[in-house]
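Think of it as A, B, C and D in the order they're written, each chain with its own count starting at 1.
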């Protein structure tokens, strides 16, 4: 494959290489969404070479996962993409449930769909707030957080936590949602479009915002596929690929929703894709609410899920089974599988190799932010310093997922 | 018949030296004391209002963002500026090792003094009239004939403080901030100057007090000079590095821009200098385009309120405009910023200048100019 | 403030001056948010309109270490990040405090792994610990009020009675605990080595007489 | 349930093109894993990318697994995805330490291989800049190997 003439081969690059200033947009920087270091070779304001250095939040999740039972890994997965924690839980549970070959009950599946889509809206709201604050519009962040607080209240009602839920268990959910949950979700779904319209009015037609994002960080569809971009960044370049549509899981094929596609692949298209995705997620939650019927929330298989509380307090062997599972965990048949979902940042996948014991032999997390971050040099070389900030904003990376 | 001689004979009243506010018979010592007291009073008013502007901005922007501003210190957070000042005085003044020490020390002073000096010529009331307390507090510290020229000169001196700060703190980010601010201020000063000339042509004088009196006589200059006002306001915002143009100290890109290495009171000086120069531009806009101390209509309810209050109300409105813009608009990119100055504002200012000149000439020739 | 500190006995005037300085320091703390992980997102939640803790207490986010006096370490501190946090702490100007937010910053939490520093108080002295993973915004507000109490009881110009204890002293020097090959930051000795560069060349230029006592 | 017929076409094309260097084809939970000899690693990827029946145009993931008891210690595993045909494939090969890089075939492999080198110590020959990405530049030892203790060597 011939090396495409990148920016390095151009004449201006060679001539100006000695007059370059190496700027270190260090790990502690207001707009690198956490601890990401970017080493820029600047020539005046123009970025000649951009080298992102992740790793400042590498906590060794994959190594820790190898010494824990399958249900103990769930708190680790929360803190990967800590802005959409519930998506990580579900993404981890899918391959384990596939390995065990069990089916989760109807209500658990629809609750997972609803909460995943709400989590996607919350994650896009944080993206909307922070990327606009990087551009200088401070107020947009505060209004986006007002909606996000409503979603956090729904999650707090369901599982008691605001940010890191650990609400999933292998084989379903930890517990059923309290009464009044559906009404609260319905109420959120009813008045979200009004707030959404407020956000788009504030920013979408704003000439300064359009100048700052149109034509910046253009990624052609071929480059996007070649760089392995997934999620809204890929769809921003016009490639029609969404796991919920092309490889449907969890009843997404019963719900009709649209996939927003960009045309030019610049920051503005990615912005529009994400904004439209929020509305589509809202529609999904609306339709999923109708499928939600009362029923069990855990898989009936006794070896995997804990017995209900009142049973294990009253019956002897239920308590014995409860203790056994907590101390030894359940064992998973030998094999390897790769489960994936369409998380808010892209395709989040867990590749698990199991050797039959109750610990995974090897767990690899395919983090969308890690692969999407690779395309930052492609977007920013030859552009100005402020465009680096815009491009980081529209790739929407979260460092917990990049460094694992 | 058209003759070149008529070019220079304008219909306006012959320009004479503005009468001294105070009759010259008083001996110089009392005159000096009066000036000193006026200076003392006005400067204190200016500095205290600047300190309370940080409070006002935090409150207004907080209100726009659905939250309360500081309300834990003092009744409504009123003691917040004092707390800020006390804390900043108590902070250690850190001079980085590779900083250029003398330049590093002078930079905040260089950017603070021109900002404060700009208030010397703002006429709070009619400069001719006796001030308060029978002349002891005159309405304007100095009633210069070349008021606007003095203002423009000071606003360009202010940028040296920023460049010295950026250069001397030996930090790449502040260097970038300094380079950006020098480019920005130079180009926006040009458009600021040209947009003012429209007003000068129409009023025929540089003295701020006479401009206000002309506006009192005829209409406010905002209506004939609307485009001049728009260009003036935009380049005024750019001149003071306020929000859509705050590239020199863009938090999200350059961490804190040119005043990155300054701690304690030197950072406080930069912080106040930014607010004071913002006020200078707001006061200038109020005087040149909105008839400084003149009430909008001469009918009774308006004339009861004294002159300075009117001026204060007008430029409080402009300050609110600054805060409003700061909380909503995103930031320009550097080349768009320069593009806007040279490709958009500069032509509009020139066009406005030419049209005003032509209208004035025809008006003078036809004789319907007052 | 160096000249005045730790000089005067306790009497009416010095105590009121102290309380004024502490009041100023307490009511206008400028935080520097080192939001590394999930606690960073929760600390943003503390800033905006629903809980509105920061702005009401007069705290204004400053991103440059020189101008801030409270360092909020929110999130896991990895060994690659440790020298950066130590450098930022050293750059902060003097009356400075550290709040460790979240169990990752306090004790390394569930991440007992090869690359995680088990608690930020191993490298910087911490004043306030806010437990929780992530702590709820009300817990952060409680932490701020606690820090204000710590500042209020500070003896600035009065003579220090006991050894100053700004929270737990760092048990271990940052440079010993790290892998030998990590990014080397200038230690106190390096500063001291260069301390009198200016004085030596002043001497060569004859500005000051040689042999002046170098503190 | 039987795997997608498009995947069966891919497997049959692979077997007749590479013959004996395809060591094993395994189907488990409707996913296909094909194990190769290290010699044909790049040709297999290039074939899967360019052939119009397979049309795998995206490298989803490249990682490794450590089996210390085997002499060829590491398993290098890649997952491929075809956007057009919406099917996925997993390729595996064994190596002691050296394996050719996939960077010329997929640009995504750049960081994925740097991370695998960083955590396992597998050296990818021909990689543009193979240096550590997640750990500090001069960290000794490769953490994800089974013989590396979880808490590392110092506090």
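Rule of thumb we're sticking to: a residue touches a chain if its C-beta (ideal position, glycine included) is under 8 Å from a C-beta of that chain, and two chains touch if they have at least 3 such contacts.
Owing to the predicted nature of the structure, the values given are computational and were not obtained by experimental measurement.
If each chain is reduced to the average of its C-alpha atoms, the one that sits nearest the average of all protein C-alpha atoms is A. One inter-chain figure worth recording: chain A and chain B are separated by 48 Å, centre to centre, where each centre is the mean of the chain's CA atoms. A separation of 65 Å divides the Cα centre of chain B from that of chain D.
Here the spacing of chain A and chain C, counted between their Cα centres, is 34 Å.
As a whole-number value, the distance joining the C-alpha centres of chain A and chain D reads 24 Å.
The set of chain D residues touching two or more other chains comprises 134-136, 143, 148, 150.
Across the assembly, chain B contributes 65-67, 251, 255 as residues in contact with two or more other chains. Among the residues of chain C, those touching two or more other chains are numbered 48-49, 63, 80, 112-115. By the contact rule set out at the top, the touching chain pairs are A-B, A-C, A-D, B-C, C-D.
If you check the complex, the residues on chain C that touch chain D are 79-80, 112-115, 118, 122, 172, 177-179, 181-183.
Within the complex formed with chain B, the residues of chain C that make contact are 1-2, 20-21, 23-29, 48-49, 52, 55-58, 60, 62-64, 66-67, 69, 91, 93-95, 156, 191, 194. Those residues of chain B that touch chain C in the complex are listed here as 58, 62, 65-73, 77, 79-80, 82-94, 97, 251, 255-256, 259-264, 267.
On the side of chain D, the complex with chain A involves touching residues 28-29, 31, 33, 57-61, 63, 65-66, 77, 79, 83, 86, 88, 90, 104-108, 110-112, 115, 119, 132-136, 143-144, 148, 150. Interface of chain B with chain A (complex): residues 61, 64-67, 172-173, 176, 180, 243-244, 246-247, 250-253, 255, 326-336.
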